[in-house]
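The following pair of complexes shares a single chain, subunit A, combined with subunit B in the former and subunit C in the latter.
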Partner chain A sequence: MTVLAPRTVDELERILADSPDHTILSGGTDLMVEVNLHGRRPTAIVSLRSVEELHAWTFDHERVTIGAAVPYATMEVGELAGLVPALAQAARTVGSPQIRAAGTLGGNLGTCSPAGDGLPVLSALEATVHIRGNGDRRDVPFADFMVGVKRNALRAGEFVHSVSIPRVDGWQGYAKVGTRNAMVIANASTCLVRDRSAGRVRVALGAVGPTILRCPEAESWLAANSDLRGNTPPSADVRAEFSRLVSQASRPIDDHRSTAEYRRHAVGVLARRLLERSYQ
Partner chain B sequence: MNTTNTIAPPRPGTLGTDASRPDGVAKVQGGFAFSSDMWAENMLWGATLRSPHPYARIVSIDTTAAWKIAGVEAIITADDVPGLATYGLIMQDQPVFARVGDTVRYTGEPVAAVAADHPETCKRALAAIRVEYEVLPPVLDPETCIDGTAPVIHPDGNVLRHQRIVSGDPTVTGDVVVEGLYEVGMQDQAFLGLEAALALPDPGGTGVELYIATQWLHEDRKQIAACLGLPEDKVRLVLGGVGGAFGAREDISLQVHTCLLALRTSRPVRIAYGREESFYGHVHRHPAKIWMRHHADRSGRLVKVESRMVFDGGAYCSTSPAVLINAITHTQGPYKCDNAVVEGWALRTNNPPCGAMRGFGVVQACFAHESQMDKLAAACGVDPVRIRLLNAMQTGDRLITGQIVDSVAPVAECIRETAAIPLPPDMEADPNVLDLPGGSGRTADRHHIKRGVGWGVSIKNLMYSEGFDDYSTARCRIDDGVVTLKFATAEVGQGFVMLAQQIARTVLGVDEVLLDTIDTQVGSAGSSSASRQTWMSGGAVDAACRAARDELFKMVAADNGLDPSRLAIDGTDIVEVGGSFRRPVVQAARGKRVDETREYHHQPTEDLDENGQGNCHVAFAFVAHRAVVDVDIELGLVKVVQVATAQDVGRVLNPKSCVGQVEGGIAQGLGLAVMEEIVVQDGRVRNPSFTDYLLPTFLDAPQVDVVFVEEFEPKSPLGAKGVGEPPCISVTPAIANAIRQATGRDLPRVPVRPSDICL
Partner chain C sequence: MSTPSGIGSENYSLTVNGRSHDVKDSWIGESLLYVLRERLGLPGAKGACEQGECGSCTVVVDGRAVCSCLVLAASVVDTSIVTVEGLGDGGRLSDVQQAFLDCGGVQCGFCTPGFIVAVHHLLESVPDPDDHQIREALSGNICSCTGYGRILEAVQQVAVARRSK
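And now, the complex of A and B:
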């Protein structure tokens, strides 16, 4: 097995342009499971550890930009957590402290599992994925990036460079249901953003469909039936209908972790509770 | 009973103190060699090919392509087993490998094994072996084995055991009757140290030495030698470092395969399972369906208990018959009840084989009877504590098997002591979200939570039952003042190595006690199961140490013109009771050599007759649990806030170790209550990983407040009862009862799933 350790993004880009079948390794929290449990046998590895640019994050008054190799541990606490609280909350639900020290947002995007904990946040905040490769750069809205179960818009030779998340005037939160109180794969997850300036909420659901699902009908209905700019919470009836519309937007399946019925129920409850929290 | 007189406070390291474990530091620092760390020069790796089908006839096995892979040194199938083709603890019904023309009976059943120069070569070799199967419709519902609609899937039949208990007047009825149908899911022992073994062949293939993580070296040896066609003395077993057992190491898994490959290749062979293979490699806790009906008078006093229990034993017998007998003989729980009609079935299906797990059948029975006790309390309008106290068993009471409980039976004390433990404070106004149900998922706010309190009380038999003489052996050697103990007791994490040292320090008055290798070069110790080693191997070590001490006294008396019967140990000195002689033991023993081996046998037990009558158990231990849970009713998520418990232990020999057993057992019982389940669908395990088989994490573990009820058990050599199993038995129904109280739901099944609560 060959292991390459580029130091710059340009170098990384050249390696992948020449050898698009090389396997990218950052925290390894997905790749090593593939290797150890699912018999994947990569022949060439490109390590991101020395590519400093990918480990950096920056912000201005418009957006927060997070490098693909920034670990969840960095998002969980400190300044970054203050800037994107929903992402911090999602990061805290990922695995154990050891996993969070290793796993990255780039990995979440590379794998694109519907249960990826960071992805509903990127969806609800309408993040942009910055892609490099083949001498080119492209910016893809998250909604177009994830195209199916573990399928994304990356082409051969491309990699995720970073993600930029618009800063929102308002409230954002994330909640995830699993059958234990930590270190669990999502049975269902929800991110809700209440954008005060726009007078809208944006809701994204994880683990209840082939991709992260937005809930346009619920979002529009709520905007039309409540004051999302102010401090007066919607009535109980409105919250209940919103909850129902969110559930309706989900497309869950039965599997060994949970049932479609429970998942549909759970995302509705989570969305309603997050909406209520946004007024607290 | 003779025990050493100790003056308070006891000498550090002796019985009754928090003696530290000889293996503790190495385990904490990562230096302890578990069996998966073993290695030998010139070693080959072994791997096992398993059936992908729950039930299928093997048409052919073609190893041609696998043999062509460079580095493959051996490929073995059923034809290569020189001795007995099958093994098993009770019934030898499980093939070493499924044979061509015969059937595989569960998904994961071994079909062939390979030895090669590298684990990767093994994987490729397994992939290259072509097995042609004729897939058959599997038997999945144990009820079809009772009504006879299932095809017979084994020459020994589909009924592993059927037993009735009829006690007192079976026709009597009570004024108050409650009934329920309960279900317990399949739990895994989920030890952290995976199955691993290293076999070293003797030159010429005349014998083999096996380093193995197991619970009972001598039983393993018996079964291995039979399959290898070797005399037992040509098969030597040495205990490899064991990372937990909980019953999952009672059965043969990789032992025979590893030895066969080593003998075939004349090279050391190591097999080590990964986590997924481990789920196929060992037996699990029986899933069970239990119907119970309790009759009581209006005050709530039990009149009769009726039950029908159906245990799914899976494809092979393992210990299913004994598990079933444990379950049905514990139907009444720790309560006095004169009349009973109980029927139990253990059945063979094409589901994963089930066998021993901590609690051994009593877990399932207890979930049912404790659920019933709450129903009965509600029907009689008394509270759950009151109804349990009203019916609490006492020493001298007769069980539904006719056996008299001659153990210390402080059931009421356990309940009262538990009730006296303060309840946790109400939830804070602004609680830490991590402490709420849902934990790090931040699913709930304070006002979504409802608190519930629930009770569970249990009785558990100690040692093996039904006429089994599960004796234990120990040797104590004093050589020039150095004390060395030898025994074959499997140290599986429970701390027997520490307890043995405590006993020797106490009896012999020495501080340093060496432990010889744990292997088959001494007599059997029985299994590290059934909460039995403190009593049994503790009894053997105690007896061997006493015998050695008495020999030493004779020598010292002869040297000094004293009467040996007037010598005693005082601290670390040998003293003459009249005060005429005092000398440090280590000094008095200089130049002397004593070597004493003793066996300890418990009182004999009997088989049950056709009506389930007989003195089938040796002794009993009791425990009460009170669980406090917070439930998010709308999402069905649970946080167990506190478990209060008072446990009947006879006597505390090591406080820290007892607390460890209690906390660990409670975590395991909590797992069964709310999350741990092997999901089996169409005969296949759907979640064979720790990603999806959920064990409680630190955030799920409750605060545990424990009181030990110490009433010296005269039947026990040290006055102590086994502490290992009781903690995990009644905590499960206590948690279920607490969730029921919070939600008002019936919840007849554990693990309680979120959807059971909220949909």
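And now, the complex of A and C:
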């Protein structure tokens, strides 16, 4: 049998160490499209379906830790949604109910598409990716995990075990632009976190660059020019300048889904709207 | 999907609609949709896009409604799979199937099995769905014929009938 179904993380690790050519299968929503339509021919597969530890999530005062094989359906409602609202919002925009019942964060990170909806949330919340493999554990900040279009920091024999997301005292939200509501890959997306106790805002952009982009200039300019700790919304002028700085941080391209110009404009608008929502 | 020569001959069994089925000499990459239709003689789930976009292949695996075209068949050996064939009651139509007929929710019929599975699954988890919940639950199923109005009507009709039971 060439489809292996380990039950523990240790077994999974051993399989990948012995034969790193095993393709990891989580929800299959990216991998099976490759197999069905793009001629991908895996020769050996290791499925995460029975690795219980990867299907679990936990939290404490500091952080929420989500196993790589937790499906979007679990993130979009209930307790987890309350703990990480931006992730819940992002999860609700993924594909359709059938896709969200299967698709996982581990798969989003494995594919590492710039349009992956989970990724801007992990970026803005400064999540850590917990990696296992080859008898080792590595904790990699999301910013160092995604290294290019569909490229990540995983080495042969490694897999994503979980991600941990620091809990923030403040507001967080995710917004995405696409051609319709259901079943749409982002043309542009934005996650904004307003950390009240730190007096900071963090903005991450999806589908407007080779990786998820942060907006350091817009973030520090806004912190210097508005009251991020309190309840007084920034003025219209400040919001407009913030929006412009966010657009400036994007590095979009023209492709079959949209134009660079539209995308640059869209992320600025999304960031401004999210900022406004953070005061409502 | 053709079996690439030389590689893979998987033997395993799947539990579909409560019955165990042996699958012999299949290629490792075969989707559940393909195995159901081509190997097990269960053509209820339909294949159109094979990329998760149309929902015509919807089945339930361990209580979750998923696109069978995106499920690797050999990875669901220890699960319980329900297809549209498993929903009627000994050759009789299920209440959802009957309501689709009564309301005119079936035209060419290609999308129907996927909708029927998705609706059964919805009403099991949310017995009293509002219009928004119905639309959301069916947003992964595409129908090119009916314009959806009659399908939504059928779902509401079943929900009401089940409540008054």
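Just so we're on the same page, the second predicted complex is superposed on the first by the 279 of 280 C-alpha atoms of A that agree within 3 Å, B and C clash if a C-alpha of one lies under 4 Å from a C-alpha of the other, contacts with A are read in each partner's own complex, and residues count from 1 in each chain.
Throughout what follows, a contact is a pair of C-beta atoms (placed from the backbone, for glycine too) under 8 Å apart; a residue touches a chain by one contact, two chains touch by 3 or more.
Just so you know, these numbers come straight off a predicted model, no measurement behind them.
*Asks:* Considering only the touch criterion stated at the top, classify A:89 as touching first (subunit B), second (subunit C), both, or neither.
*Replies:* A:89 contacts subunit B only, not subunit C.
*Asks:* Given the touch rule stated above, what does A:98 touch, subunit B (first), subunit C (second), both, or neither?
*Replies:* Only subunit C is touched by A:98; subunit B is not.
*Asks:* Does the superposition put A:37 against subunit B (first), subunit C (second), both, or neither?
*Replies:* After superposition on chain A, A:37 lies in contact with both partners, subunit B and subunit C.
*Asks:* Given the touch rule stated above, what does A:181 touch, subunit B (first), subunit C (second), both, or neither?
*Replies:* It touches subunit B and subunit C both.
*Asks:* Have a look at where A:270 lands relative to subunit B and subunit C in the superposition and call it first, second, both or neither.
*Replies:* A:270 contacts subunit B only, not subunit C.
*Asks:* Looking at the overlay, does A:197 come into contact with subunit B only (first), subunit C only (second), both, or neither?
*Replies:* neither
*Asks:* Once chain A of both complexes is superposed, is A:262 in touch with subunit B (first), subunit C (second), both, or neither?
*Replies:* first
*Asks:* Of the partners subunit B and subunit C, which touch A:29 in the superposed model: first, second, both, neither?
*Replies:* In the superposition, A:29 touches subunit C alone.
*Asks:* For subunit A, which residues belong to both interfaces, subunit B and subunit C?
*Replies:* After superposing on chain A, subunit A residues 33, 36-37, 181-183 contact both subunit B and subunit C.
*Asks:* Please give the residue numbers of subunit C that touch subunit A in the complex, ascending.
*Replies:* Going through subunit C, the ones touching subunit A are 1, 4, 7-8, 10-12, 28-29, 31, 50-53, 55, 58, 64-67, 69-72, 74-79, 118, 136-137, 139-141.
*Asks:* Enumerate the contact residues on subunit A facing subunit C in the complex.
*Replies:* Against subunit C, subunit A makes touches at 1-3, 5, 25, 27-29, 31-33, 35-37, 40-45, 47, 49-50, 71, 73, 95-99, 101-102, 181-183.
*Asks:* Residues of subunit B touching subunit A in their complex?
*Replies:* Those residues of subunit B that touch subunit A are 123, 274, 276, 434, 437-445, 448, 634-637, 639, 674-675, 679, 681, 686-687, 689, 691-692, 694, 696-700, 753-755, 758-759.
*Asks:* Inside the complex, what are the residues of subunit A that reach subunit B?
*Replies:* So the residues of subunit A touching subunit B come out as 33, 36-37, 39, 89, 92-93, 173-185, 187, 189, 255-259, 261-262, 265-266, 269-270, 273, 276-277.
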